[in-house]
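When the chains are written out, they are named A, B, C and D in that same order, and each has its own residue count from 1.
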C-alpha cells in the first residue's frame, strides 16, 4: 500500500483527493493536514464523507509517507516546503502553480515535472516531484497539443472558456454568493489568466517555432463543476486528417477522447475524462474541450500522476461514475 | 410628491424598495442612508440600477421626509430610532420584526400597525407607523386568514415552506455559498421560526378561540427569489364552499388571487402578487400559497402600505412585470 | 463473472445501472435491450459513456444471463415478462412498481421479494426475483422503519419531500422544460403518491397494529438528482434513546447512516447512501432523510440486491465518489 | 389609446409583449391571436398573468387595430401576411427574421424598417412596418456600432455569447429538458448563426468599406433569460477615447449605457437595458454587452419601436423593475 498524505485538507481539491483516495485499492490515506481544522472529522468539512471515513484532520505532518499532495493556495507550496522538508523518498505532487514553469521547477534539489500525462507520460513515470497542471490549462492544452505536435498552429488562437464556482476556491466572495451567481454569467481576467504561462510553454515544447498569440477569455458560469472550452484558429487542412491526428495523439490516453459529435459539459462532470470535438467552418478549425475542473483539472490528474509514478494502471481509482445529471 | 427616505440602503429589501420607488409616479426618493456605503453610487451596490439613477448613498439622515423605510436587521430598528427621532409628521414603515407583535407595537409614542393590507387595511390607512410583515409570515397568513376568519380551523395545521437565498440576507455564509446551495435542499429552524409569533397573533385575532398548534418547517431552496408554502389541516366542509370563502375574503385585495388550478412559484416571482390554491383530499384541506419574498414578502408590501396611508391607489407603482422565466 | 442484461435501456435508471455495472468487478454486461435505440451505441443516448464503452443497444433479449434488470415504466414489466419468459436460473430485478405489494408479488411462479436491504436482507439473499423499491418509498421508509420496529409510531405522520427532475423520467413535459423548472417549486399528487402503498406495507410489517395516517406531500425541486424528505410525528420519548434505536437498527447497513448534525441533500448526491437525522422539538420528533433518487432510490439499490443474491459484499461496485458540488 | 393586436400569442415573446402592454398607459390590447389556444385564458398559457387579466386568446384576427405584433416563428410572418392583409393604417411590427435584410424588406407594398433605435431612430419614427432585430443581433450590434460608426474596425472581430433557454422557444427539445440543461454548457451553430446577416448589414451601413470577418460562437447557458456577449478586435487607439465615442454614440439612448466597471448579465435581466463595457489589453479592445433576450432582444425593443412610431416617450411602459436576483 502506498502511504499518502494531504497538506491543506479543507479545500475543494483536497476534498476530491480524499474522495478518490478512500476508494483507491492501493492507497492508505495516512493523514490530512489542516491547521484550521485540526482535530475535526474530515466529514465535518467534507460533509458527504459522513459514513465513508472516521479520519480526523491532523495537526502535524507525518514525513514518513510515500507520497504527499500539496493542496495549498498558489504561492503557499513554496512557503510550506521551506518549513517542512520531505526526504527524497517521498514523492511530492503539488497542485498549485508554484512549480509549473520551467524556471520555477527546480526547488530544494527536486525537479518538478509538469504532470500532464498526455504530454509527457514517460518523464512523469520517473519523476520524484510533480507540478500538477491548472484546470483551464489542462482543458486548453488537451485542445491544442495535437495541433502543436503536428506543427499546425499557423495563426492566432482564440479561446473562450467557462468554469464552475468551485474554480474560485472555498472562500466566500461576492461572485460566489448564491444570489449573485445563480443564473448569471460574467468574464474575469481577460487575456491575462495565470494559466497562460503553462499553456504557452507546452505548446512551444511541441511546436518550437510557435510565435502566434493565444487569446484566452475565461468566464464564470452558474454551475459548480466543469469547464467548457472552445478554441479556434485558421486551418487550411482537411478536417478528417486533423481528426486522425488528434485520435492518434490520444490513442494511448485512457481519459481523453475525441467525439465525432458535438459535446456538452455534463458528459464529463464527476469523471476524470476530457472530451474533445473538432469542427471546421470555412478555414477555421474549432476545437472544443470539456473536463471536470476538480478531477482531470486537479485532483483526478494528481492521482493519475501518482499511479504512473508508482507503476500502477493509470486509471486505478479513477473509473468514476459520472453524475451526468 | 411624497418625499421618501430609506435607512439601511445596502441590503436586499432596500434594493427592491429603490427599484420600486424610482418608478413610482408619486414618490421622490430623497435619500438612501447607508453607513457602510456613504458616498458611493446606489448602482455600485445595486448594480442593476446603472443607468436608472445617479443617486449616491447618504451619510446623514434627512428628517424632513414624508415617509421613511427602515430596512435594518432585526433588532436594529429600535436602536436606530432611539438615536434618530423623527417627528410625528413622518410616517415610519419598518421592515424588521421589532414592532410586529402587539406587546412591542408601542414605541416613542407611536403605535406600529401590523401592515398586512388583507388583514387590516382600514387601520393601515390611518396609521402613522407600520410594522411590515415577515416574508414567510405573509405567505402563511394569506393561506390561513380566510380559514380563521370563517372559524374553520378546528385542528392542528401542518406547514412546509421553502424560500430563496435572498431570504438569508446579503451577508456571506456557508449556506449562501454558490457551491453549497446550487442544486441543494435543506431545512432550518424547524418549528421555531421567528415568524410564528405574528402568524399566531393574526390567526387569533380572527378566530379568537384558536388553540390548535401550527407546525411550520421552513426550508432553503436553490433559487434566489420566492416562497412556496403548503398548509394542511383537517376540514370536514365542502371544497367549493371554502373556495368561495377565500374568494370573498380576497375580493377587494388587488394582489391576492385564488387559483382554480395548481400553482407554482414562478407565477409570482418579481411581482407583488400572492397566489392561493385550495385542494381537498379526504378530510384534509391543502392550501398552497406563493409570493416573492422580497416584494409581497417585504418591499412591495411596504409600498402597498405607503400607498394606503397616502391615499393613493393600493397598486400604485406595483404593477410589476413578472420575470416568469 | 455474473452475466447481466438490462431491459429498457434508454431511461435514467438504466443509464445509472450501466454506469455502475461497467465498473463492477464481478459483472459482465451482456446486453442492453432497447427497442427504440437498437443498434445505436449506448453512448449515443447516455452520452457521458463516450470513452467508457463501445457496447450497442441490442434488439433481442439474451435469455442466457444470470441476472436481468427491468428498467421499464410502471405497468410494463408485467407485459414484458408475459412475452419474454426467463428460466428460473435467471434472477429478475424489477425497478418498476409492478410487484412491490404483497398481492402483486407472485407472478409466473416467481415470488418477488421487496428489495430494501435495511428491511429484509435475509430474504433478499435467498430471492430469485426482486421488486426494487420506489425512490420516495426508500427515503421515507428509511426514515420510519426504526420507529415502527420499536413500536413508537403512536400518532399520524406528516411527510414533505422534494425530488429532482430525473424523478419524472426522460420524456419531455411541461414541468421538465428548463424554462419552467429553473428556479421554480411546486407540489404534485398531494397525499396520493403511488409509493404510499409500499410505505404502509413495510411500516405495518414492523409495527403490526399500526393504524395511524401517513400524510405525504411530494414536491418538484429545481435540481436533477436527489430526494430530501422530512417526517414528523408525536413522540414523547427521549431523543437520545430514539437515536440509539436508529443507530442500532442501521448498525449493519453499509449505506444508511445517522448524522448527529443537520443534513443537506448534496451530502448523498451521486452516492448510494442514505443519511438520516433526528431532531426533537417539544413532543414532535422530526426525522430527515436524504438519498440520490437514481442510486439508493433505484439503480444503486438494485445492484445492492444483486450483490446480496450473488453472495458478494453488499457494497461491491457501489463505493461511488459523490459529486457533492 | 393605441389599439394593439398580437399574432402568435402562445410563445415567449408574445408573453413578454402581453406583460408589457397590460401595464402600458397608452395601449389597449385588443386581441391576442393563437390558433392552438383560441378560447383559453391568456393566463392558462402565461400563468403568471393570473389576476392580471381575464383576456382570452382570439380565434380571429381583428384588422381594425393601430398596431399588430407578429410573434411567429421565423419564416411564418410572410405566410401569415399573405393570408391576412392589413390596411396601411395598421403598423406592423414583426419579431421574426423575415424582413430584417434589405433584400427582404419590401413586402406587400410595405417597407420594413430595421427596428434598432440606437441605429436608425429617425427612420423608425416614420415607419409603417418594423423588422424587429434578433436577440443576439441586438446585443452584438450594440457592442459594435460605435466602433463601426467611428470607422475603427480594422481587423477581424471575435465574438462569444451565451443565451438562456427561452432563446430556444417554447417547444420541448433535448437541449431544453431540465435534466440536460441544468448545470450544463454547450455551443451551437458555430460561425453560422442566422443573425450574422443583420449584424454585417448594420456594421457595413456605418463603416462602408468594412471587409473584415466577424466570428461568432453562440452558446447555450443554464439559465432562462439573458445574453452575455464579448467581442474583441485589434485596436491601436486610446481606451478613454473609444469610451468617449461609445458614450457619445449612446448619449440619447435611454436604455443603452456604458459601464466603467465590469458588467455581469443579471444587471439587465428583466429590464429593457443594454449594458456595455470597454476594456483594453495590449492592442486588443474587448467589448462586453448584456441584454435580456426577451426584452431588449425582442418584445421590449418592439414596444420601443411602437412608442417611437406613435410619438410617445421611447421609455413608455419600459421602466421595468429588474429582477436582479
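Note that a residue touches a chain if its C-beta (ideal position, glycine included) is under 8 Å from a C-beta of that chain, and two chains touch if they have at least 3 such contacts.
Since the structure is predicted, the reported quantities are computational estimates derived from the model, not experimental observations.
Contact tally for A-B versus B-D: the pair with more C-beta pairs in contact is B-D. Put simply, the chain farthest from chain D by mean CA position is C. Per-chain CA centroids place chain A at a distance of 46 Å from chain B.
Centre-to-centre, using mean CA coordinates, chain A is 40 Å away from chain D. Centre to centre, using the average C-alpha position, chain B and chain D are separated by 34 Å. With touch defined as above, residues shared between interfaces to two or more other chains in chain C number as follows: 12, 164-166, 179-180, 182-183, 222-225, 264, 266, 269, 325. Touching chain C in their complex are the following residues of chain D: 12, 164-166, 170, 172-173, 176-183, 222-224.
Touching chain A in their complex are the following residues of chain C: 12, 15, 19-20, 22-23, 46-48, 50-51, 164-166, 182-183, 224-225, 255, 257, 259, 264, 266-271, 273, 275, 294, 319-325.
Residues 158, 160, 162, 164, 179-180, 182-188, 190-192, 215, 217, 221-226, 228, 230, 232, 262-266, 269, 279, 281-282, 284, 286, 288, 325 of chain D are the ones that touch chain A when the two sit in their complex.
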